[in-house]
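Pasting a structure here, questions to come.
A, B, C and D label the chains in the order they appear, each numbered from 1.
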Amino acid sequence: MKETSRKTSGVFWAILALLILLPFFLSKAYLHLAVIIGVHAILALSLGMVVGFVGQLSLCHAGFYGIGAYTSALLTFSHWPFWLALPAAGIISGLFGLLIGLPALKTRGIYFAITTLSFGVIMNIMLNNWVSLTNGPDGLSGLALPDPIPLWAKTSISFNTPRNYYFLVGVFLLFTIFVCRRLLDSRVGRAFRGVRDNEVLAECLGIRALRYKLTAFTIGAIFAGLAGSLYAHYLRYICPRDFSFAESFDLLVMVVVGGAQTILGPIVGALFILALPKFFGFEPVYGRVAFGIILVVVMIYMPRGIVGSFQKGFPSPKGGAHGPS
Amino acid sequence: MEAAILLQQVANGLVIGSIYAMVALGLTLIFGILHIGNFAHGQLYMLGAFATYWLVSLWGWNIWSSMFVAMGLMALLGMVLERIAFRPVRSAPHINGLIVALGLFIALENIAFILWGGDERTLPSPYATKMITLLSISLTIQRLLVFAVSILLIFLLYLFIQKTKMGKAIRAVAQDPEVARLMGIPIHRVSSTVFAVSSALAAAAGAMVGPIFCVFPSMGLIPILKAFVVIVLGGMGSIPGAIFGGFILGVAESLGAGYISSEYKDAFAFAALILVLMVRPTGLFGKE
Amino acid sequence: MSKAKQTCFYFCWAFFFGLICSPADLLAQTSAGKGIKFGVSATLTGPASYLGWHDKNGTTLAAEEINERGGINLKGEKHKLELEFFDNETKPAKAVEGMRMFADKGTHVCAGPQLTPLVYAVMKFNEELKVLFGSYNTTPEVYEQGNKLILSATMNQKWSIGLAAYTAAKVLNLKKAALLVDTTGYGRAVEKHFTMNFKKFGGEVIDVEWYELKSTDFYPQLTRLKAKNPETLMFGGMSAEAVILIRQSREILGKKVLLIGSDYFKMEQLKKAGLEVSENTMIPLSGFHIIDSPARQSFYKKFQDRFGAEAETYGACAHDEVLWISRAMEIAGTNKDAFKIRDAADQAMRELEAQGLLIGGAHGGFLPNGQAKKYYIGTNILRGGKLERLKMITDLKEIGLE
Amino acid sequence: MALLELEEVSKFFGGLAAVSDLNFSLSDRKEILGLIGPNGAGKTTVFNLITGLLKPSRGKIRFQGSEIGGQKPYRLCEMGIGRTFQATSLFFEETILNNMLIARHSRMKSGIWGAVAIPPSTAREEREAVDQCLEILGKVGLVSKANALPHSLTNMEQRLLMIAMGLATQPSLLLLDEPSAGMRPAESSSLMNLVGQIREWGIKVILIEHDMKVVMNTCDRIVVLNFGRKIAEGTPEEIRAHPRVIEAYLGRRAGAAR
């Protein structure tokens, strides 16, 4: 792993340079799209930790995303600074991840998928119907922008333009990538992959499968929460509709189509899925049809996802992304 | 009075439950063979309803013959989908199958939207408005028919699975595909048969609810979600599980809405599922 | 391994490149050519694609109507009106993207977004982007945010629901009402306003039942309502459920209970449900359906011929938005300065009303919060297969409401 | 004190007994215990009971004096019981070295923080782990393939890797389930030399093996199972001479097509 990571770094820096240059010749609308893609890249990566790293098919990720968004929204309403509300959002949805993962991970495979789906739906119904807290379906309006970061004298970085926010989200995306990369190359990451590829063998080799599944699930929830906070304070308006189970499915599609077991995969997936409508702007409904068909074709001809299919030398994985069945 | 209300609520639940059961049966059969969570199943329900609608409203057929033709058409469509979309991914991770199903779900819904627009159509039926009342339960005849037809179809399916040669083959493949193949069972024939049967069931469900509910492109979403809840509740691949799960869910929802809170009606189904899975991680009838 | 990553990298690069090059509108640019661009931000896909379809068709007809009359007259010279559609996928973030897209292209007027969450989202940005947009959203709160660049092309729930409550309580002397509403913002607002006003007019609301959007079976809720035997049942939901709601209510509650449709219920849906079934149902109707003007008839007919479906209130209001804002542009003599256009909107609406061109809900100039001063709005009841007018107002004060 | 003791251990699946009233123990002497018996005699079930994949229906299993019946597999691995499986079971998506490192898991400490921040302690731990894994790979002769993927190995090498992974968990007791399955005689004899060495490193071995000749040459003591019951125990010589073994086991083998 080590030396491969060193090799890839060249590629990584090239892409990074491209991404830093991008906002300077993008129009406002596309900057906005880029920010949204960035947020979803973080989300997809965090879901990738669950789906790709430990092979658990989770369908309540939008729920954690929503909890993060609402947490930081409500905290800033009670005059917390954004820079405290952001980590708080991560922690709170991390806690939810722990609470939900503990019972849910007792089930396996499709049972786990549907259990998490149920939790996701319930979380969304709560956001929608608990009017006194969340203001119900009309959502929370008028969120504050992140407070400017003072540099020296009078100058400070403010986040009132999409470009600056683009860089803020970019930094967090890099942080997420960094964490994923480090995790994958470590003892923990090896345990993750062991559990994913052959849970029985892993347990016989002394790996506590449940603990590591829960770890991945919780870390995923934390980053989803952070993404939620970033999203909320960019759009300055949130409503339950954004965090429905449909969103969970979109995220899953991003992860799997991009390549669940890679780090680049979910990011490419997010880019692919969110940029696609741009190419069907003339007839959106036909675009949706094409989108559906593209999903089918990609899954048939690129079973490991777009990025995964570029990695040679692996046998086609059997037994399912959710462990041996 | 209270007793009457209770009976009425149970009856409501049973009728809805029979629809869930019909959709869930097909879903669970498919899962048993291909281990795919086939979301597209919901759209076969929708297309079945539309097919019936057009046969009735354009050519003035009666509802029964239209329903049978619709079932036939959907059976064909099901086989086609199995051949072009699902068979290629059967050896891939199951999650790929799920994404394929999602893709088909999106594509089919939007195709229907393009062809017929988004507005609701009511499928005319002679039984839609006639009410009958027995021991203080009042239902439309159509609802009774939904119940009756689903029971009948479930029974026929049971005979098919238990008695026929193909039925035995299906059970064998569900048990262990490898062994089945070694025993010389034509896996591909089996799986396309399963798709045909399940799709026909879904179409029947769609045709039967057409007169009660409306027919529109996005009508497939709620039933398919509930059907997933049902088959997980009953235990993946378990036929009795799907049947009882369907009725249990229907009644639970109806009583939940009737006696606790209709605001959280849809939450009950999912909460119930979670509780059951905490006690039995493989559902009520699932094997450990 | 590294080679694979290399390919990945090229793939991404190619993708960025494709993203940058393929849509022509990527780089910021102002609208070229003599045609005047008019944005339409519609929910063409996603859960509310049904609304988007009607918006698209309604605005299309409006644009044709204008261009048939030679287009828009800015400072003496005529320009064709060109609609540019943006699909906001029923997502707030997308709606904002649409606004920015219009602003980037120098389009400073648009119709929509219409759904409450989307409107809330864009209202954070449209003022700084200088984009004036019309909306037929019926939630009063939306217009009380003090946004300067939003126009309401329909009556809001204060009017329709208030009048419905008034008619039930005062005209028909009903005392015990129940509600069956969906859990969307729309349904909740219906619940709020009806309960408030019905109490004010001396009735009481004995029960409220809810359903999730896209539900199709209401037997459990209705059975529960039946136990409390209300005299009237008010619905709060989209037109989608209208037919099933009416039918199932009759099946469970019987013929005597008066049903009150939300302000999206129309005669067409009563017909669909069956006239004998819908007998004794009351619907609040806005201008579109009350004033059977030639404009309305021709729109209705055109819509039917072109798109093979009944025109809905949605399409009519979207149509009004285009007419209204275009006329405002003519009066203001600009298609860039959103604030000037907005100030001209009052006069524009008076003129349009005088010409009888408006077919949606709003009429007769508008208040500082962007809402019309005057609506034609009435409650009608289905008796013997025909709609009977129960009450008709053009001003809330007539029924003692603000 | 005995390292491993089975006392009246039984396991029922539904009605039928896969293992019934099994008694045997493993002393602290360096030895290789052979566990033989015809197909379906319940040998693998015994392994699953010892490694915690199955919970005994009756009876006690003691390891280093403490009761372990129904303990979780990872606990037992940490206590020092390693095993291999009859079917080739490896992490096919990982390189050989990573397979070894995954097996090394229970002997390493670093957690999330270590993974993300990589403090010196973690870096050292990783280095040591890699060295030890390479050393073990060297012992089984796979060090040259450290960065290859498992499916590029021969059957022989894959089986060696499985044993190496078993060793990487630093066991005091290693259970080998038919390590020589599908090997040519030459290969299996060299494998048995490796098993012999493992004994010399002070690791007790329990060996399930079909090939009688191999068993007789390798094992110090043999337990014979038939229909889940122990029918004989003793040195190879005694077993060879044991009438019930000849009748129950050898007789069958003669009959069975091999």
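Here is the rule we go by: a contact is a pair of C-beta atoms (placed from the backbone, for glycine too) under 8 Å apart; a residue touches a chain by one contact, two chains touch by 3 or more.
Computed from a predicted structure; not experimentally measured.
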Contact-connected components, chain A excluded, all else fixed in place: B, C | D
Chains in simultaneous contact with chain A and chain C: B
Cα-centroid distance, chain C relative to chain D, in whole angstrom: 72
Chain B and chain C, separation of their C-alpha mean positions in angstrom: 35
Chain centre separation (chain A, chain D; CA means) in Å: 41
Approximate Å spacing (C-alpha centroids) for the pair chain A, chain B: 32
Residues within chain A bordering two or more other chains: 125, 129, 285, 288, 313, 317
Set of chain C residues in contact with two or more other chains: 45, 47, 49, 183, 212
Interchain contacts, given as pairs of chains that touch: A-B, A-C, A-D, B-C
Footprint of chain A on chain C - complex, ascending: 1-9, 11-13, 15-16, 19-20, 22-23, 25-29, 44-45, 47, 49, 86-87, 89-93, 96-98, 100-101, 103-104, 116-117, 120-121, 123-124, 139, 141, 145, 183-185, 188, 212
Interfacial residue positions of chain A with respect to chain D in the complex: 1, 178-179, 182-183, 185-191, 193-194, 197-198, 200-209, 215, 219, 261, 313-315, 317
Interface residues, chain C side, partner chain B - complex: 45, 47, 49-50, 53, 183, 209-212, 214-217, 219-221, 223-224, 226-227, 240, 243-244, 247, 251-252, 272-274, 277, 307-310
Residue numbers on chain D that touch chain A, as the complex places them: 51, 53, 72-74, 77-78, 83, 85, 89-94, 98, 101-103, 105-108, 110-112, 114-116, 118, 122, 125-126, 149, 151, 165, 169
Residues on chain A engaged by chain C in the complex (per definition of touch): 4, 7-8, 11, 14-15, 18, 22, 25-30, 32-33, 36, 125, 128-129, 131, 136-139, 141-142, 162, 231, 235-239, 241-242, 246, 264, 268, 271-272, 275, 277-279, 281, 284-285, 287-288, 306-307, 310-313
